[in-house]
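Both of the next two complexes hold chain A, though its partner changes from chain B to chain C.
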Partner chain A sequence: MANILKISKNAEEGLRELLRFLLEKKRVKAVFTLRKINENSAVSYSLITDSEMLKDALPLFPLMPQNAGKLLSRLTLKEHLLEPTAAVVRPCELRAFIELVKRKQGSLDNFIFISTTCPGTYPLELSTNGDIWKKLPEYEMCVKEGDIVPDIRPVCQACEHFIPYSADMTIALIGKKDVDKSCEIFLNTEKAEKLIEGMDGELSEGELETKEIKKLHSKRQEKKKELFKEINVESLGLSGLIETFGRCIGCHGCGRVCPICYCVLCDFDSRDYECEPSTYESELKKRGGMRVPPNTVLYQLGRLTHVSVSCVGCGMCTDVCPADIPISTIFLKVGEEVQNLFNYIPGKSVEEAIPLTKYEKEEFAEVED
Partner chain B sequence: MKGARVAVKDSIEKTVLNILSKAIDKKLFDVILIPIMVPAGDSYAWVLAQDKSLLDSASSLPPIMSVQGAKALSSVTRMGKTNKKIAALMRPCEIRAVIELSKLSQIELDNIFLISMDCPGVLPLKDWLKDPTKGINSFRKVIQRFVDGDPEPDQSVRPVCTICHRFYDSSAVDLHIGILGKKGEYIFFIPHTTQAETIFAELGLSFKDDISHWQNGVDEVLKQRKKKRSLVQEELKPEVIGLDKLLDTFSNCINCHICQSVCPICYCRQCYFDSDKVKQPPDDYLMRAESKGNISLPPDKILFHLGRMSHMALSCVGCGACEDACPMSIKVAQIFSLIADRSQELFNYIPGESLEEPLPLRVFEEDELHEVETP
Partner chain C sequence: MKDEFEPRIIGFLCNWCSYAGADLAGTSRLQYPPSLLPIRVMCSSRVDPLFVISAFLRGADAVLIAGCHPGDCHYQEGNYYARRRFACVRKVFETLGMESDRLRLSWISASEGPRFANVITEYTEKIKKLGPNPANKKIFL
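Now for the complex of A and B:
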């Protein structure tokens, strides 16, 4: 059982009211959320200190222009927050931030995390011509019905971790038939309960994990099986990898938008991977030809090695890929396999150390000689 | 200037490929740097081809530009000059970028032989990927329209290709293959250096033919392109003049910096705008947020674009790699080309036209730009 604050407004308006309350009552110094930034309805993450600006806030907008975990890391890289800030983020973005905190790339101090039972986000290309606004009615309908929203990112359709693990507050969306009339805010921590003291609304109790949520969970699991079957990573082998990543143009955009890829200068962009002419010449001698720039597949494998244990399957990589490679599907598949080896769910708990930083003597005996 | 008129057999691309293949046979070059179809058949990748059999799946005029050729060549000689004789067959804008990168010490041109061909443009990568087989066929039509001298540029190519006014040879190239002027029945091998003449003479080419048909063909297309370029840029100006307009136009930008990573001129391993210099403690962001009531994150989007512009605009060759790669379909190349044209004009500078001509920012003229002095 958990405490719920119910506001008699639609979910997004209710959340705006909560954010307004927190800012005006000076319970927080700033609010981090999605905001409409111009007349053409472009949407971006914003750090808001003036409650007036909240009228343009769109905290539940189904777009992820950048993984918020990366942005929160940028905010707290040099130093932790000195004053409370409420951040409205998706479950995967929160998990990514926690994975970054484990890597000393940010700090959780003074954050109040507000998340939702997440219905998913649309691919970026739908927002380039404003089509995303036309999808909102269908989005709301699927949220109410507890269905998988069509046309959202493939990894969203297959996402099992759509209930936030460590948010202070969770807005219940999935399966809520009255989401257009009522905003249900689950207060998961003492901090959350204190923050809303004095706010207009009905207090009640309830369970976040309803039967609609359980139903969607199984639907998403099915979808994931389908998605993984399409790519069939296990059967790729080197020739399959070459086929899949053959059209990769080496822009490294996937790494740039990935929240887990935090390196300021990626090894693969550094001097380490630039070849001397003698390297090319010896390759030419050995094989008669060489693709340039080199290391196309190596980059992907390298990134997989570094990122997979913490991949949260947000889907930013696929969205930005100029060559339409289903990177997030591959990374999610490999990521889950690696994570399962260690019974590790990235970002679930900040106390749980990243598997590669721990040494267990009694482990993986099956791969020993 | 004279050239060698060559009859086209099969297709322009095959004709050129055959000649290059013979060049490898006769060891006139050790290696050809040319786009070769990838195993999955859905793209082309730059390959240093020493083995002649690799040329079977090569294309001398591929439908797409997956990686800007100058970037590919830079990866080969950035660390030092090559000892192999490499013939690089690239688009005019790629050659120009090569020349600019050479001036920026990112390419060693020793032992590199540059070959270009008149360019009808390239298909946008995402359009091509929807159906590569269809793409190959539709690009054949693009080439045919181009060599037929159709005044209207094909709309299926990159937007900046439709307004390209440098689709012919840079003076800095070693050999240029003119495909305009004879409707695809003949092409012209036009040497710019004595080395080019000597090498290709070994293949039986004699550079005694009149190339005025080609020159006329180029002039015709150039006339139309210049008009179109002017028109498109005039239409674009109101979208980007003034900070408000600029903010609007880039409002969808997600600051992924992919435009910078695919740009051939942006050679910095670590961009200033990704460095520690732009990372501040939270109080800084908070203070900035307070001054206006909010701050977008990541911050300084326009600063990135203006910064990039001020660093590379003088060398921008208008290839369009940036716009092609932008996940938010922002007209990056068209906007940067607009500024590049104006800033290059200030110095009467044509990027990639001459190796001898230094980069404008490296040259100090005391008597210059009086119009911006304080009176």
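Now for the complex of A and C:
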């Protein structure tokens, strides 16, 4: 059984070709992908039904303007999709969406997921100042060589989950020397094989996990160790946390863009967290001084306990932080520890329940006293 | 004697077991240190990790969550969920290099008055050794 469709165009062209085919042959009703807003400008996620509009689509553009998981959840929150739709998303975005679906914040029905072996995304800053376009040649070179791309998000450089777990089709990018000449599309499901029936291209067989992928995996593992060492999460302690989060301006942007933080009305935005004069008085009596407004550490610790079990490490939080706090590194580290505790990989499978919604009768005796 | 550190422990006690256990300890006239500030919750699973963190950052020297023994939950399974949630908060504390010893989960049934007194006595001693919660003196929380 053939599992690869090879199109002799560069990866992005090939993928666009595939999307155009799916739309024109009416195999899907719409395509969800990154599309440029105008020449040399930013990109945004868009839904496209007119195949003509695909010429401005940049499905592989190395930027995550928002975590698509959150967007797909908003699309399907009230009702599942009524028509088949192909969504081109990154592995962590797909994982985030699956975590949201588990929380009843969306539906997978009628989605066809197209993802890639993900080389990572650049910080938003590089898109707003236009530098991202200059970096694209270097990006492509690193993709071909299977190297860590310099200047991408720190958590991308340390990401080990760069192969999508539940995509219907996967575009092979990492370690593909001819990525500028040919587009390799792995067909992971029967649904995918049916969808591409009749499309021009050469069918063949092969393995997605090549030795280049394995090499990049170990490089990223090394990088992760370095990253954690840099921040030294485990020796932060209370003083370290106060130092790190002390410069937080309280915009709560990190929670707003976090795909796992799905509450429409966040408890921390409510009046419950406004301190009354009597609270200030009693706290001041005890401490002799107090930050105004208080509760920054509480906010971050609260978010950590709520989110860590499902954190996919996409890096949106750090990206939007105006105070440049390495939130995503801390979340990645704590997330990893908590997830290991439950032997859980967030977003890997929609069938696997979120650890905090289930239990074993005999477990965690070590936390009881 | 006056300057000796008396810990303040915030205790979230489940209505059906641990709170009744505390009552029994009282009516049985058992002696234990006056360090516990009990808060009655309907079930140990009612305790959101935020309660624990709030109490800790506000300067509680320790936080105790107490509920029915596994299998005895008034709501069948609440304490199993509470245990998972507690393991998660503990892990967050450990990973960030904070003192996870200041958090404790104990099962105390309604008939275990002596056990209640024991847990409080023993835990108070432990916290005494640890000293006051450093969060008490921090300004930039």
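Criterion: the second predicted complex is superposed on the first by the 366 of 369 C-alpha atoms of A that agree within 3 Å, B and C clash if a C-alpha of one lies under 4 Å from a C-alpha of the other, contacts with A are read in each partner's own complex, and residues count from 1 in each chain.
Assume a contact is a pair of C-beta atoms (placed from the backbone, for glycine too) under 8 Å apart; a residue touches a chain by one contact, two chains touch by 3 or more.
Since we're looking at a predicted model, the values are computed, not measured.
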item	value
Which of chain B and chain C A:65 touches, first, second, both or neither	first
First (chain B), second (chain C), both or neither touched by A:88	neither
Touching partner for A:52 - first (chain B), second (chain C), both, neither	first
Touching partner for A:242 - first (chain B), second (chain C), both, neither	both
Partner chain(s) touched by A:294 [first = chain B, second = chain C, both, neither]	both
Chain A residues touched - chain C or chain B, whichever exceeds	B
Touched partner set for A:187, first chain B, second chain C, both or neither	neither
First, second, both or neither for A:148, with chain B first and chain C second	neither
Contacts of A:286 with chain B and chain C, given as first, second, both or neither	second
Chain B versus chain C as contact partner of A:302, first or second or both or neither	second
Common interface positions of chain A, toward chain B and toward chain C	239, 242, 246, 287-291, 294, 296
Partner chain A, residues of chain C touching it in the complex	49-50, 53-54, 57-59, 70-71, 77, 80-81, 83-92, 94-98, 104-107, 119, 123, 134-141
Residue ranges of chain A in contact with chain B within the complex	29-30, 32, 35, 37-40, 42, 44-50, 52-53, 65-66, 71, 74-83, 124-125, 127-129, 239, 242-244, 246-247, 249-253, 256-257, 264-265, 269-271, 274-277, 280-281, 284, 287-294, 296, 319-324
Chain A residues touching chain C - in the complex, by the definition given at the top	233-242, 246, 267, 283, 286-291, 294-298, 301-302, 304-306, 308-309, 330, 333-334, 337-338, 341-342, 355-357, 359-361, 363-364, 367-369
In the complex, chain B residues that touch chain A	31, 33, 36, 38-40, 42-43, 45-51, 53-54, 66-67, 71-73, 75-84, 125-126, 129, 247-248, 251-252, 254-258, 261-262, 269-270, 274-276, 279-283, 285-286, 289-290, 292-298, 324-325, 327-329
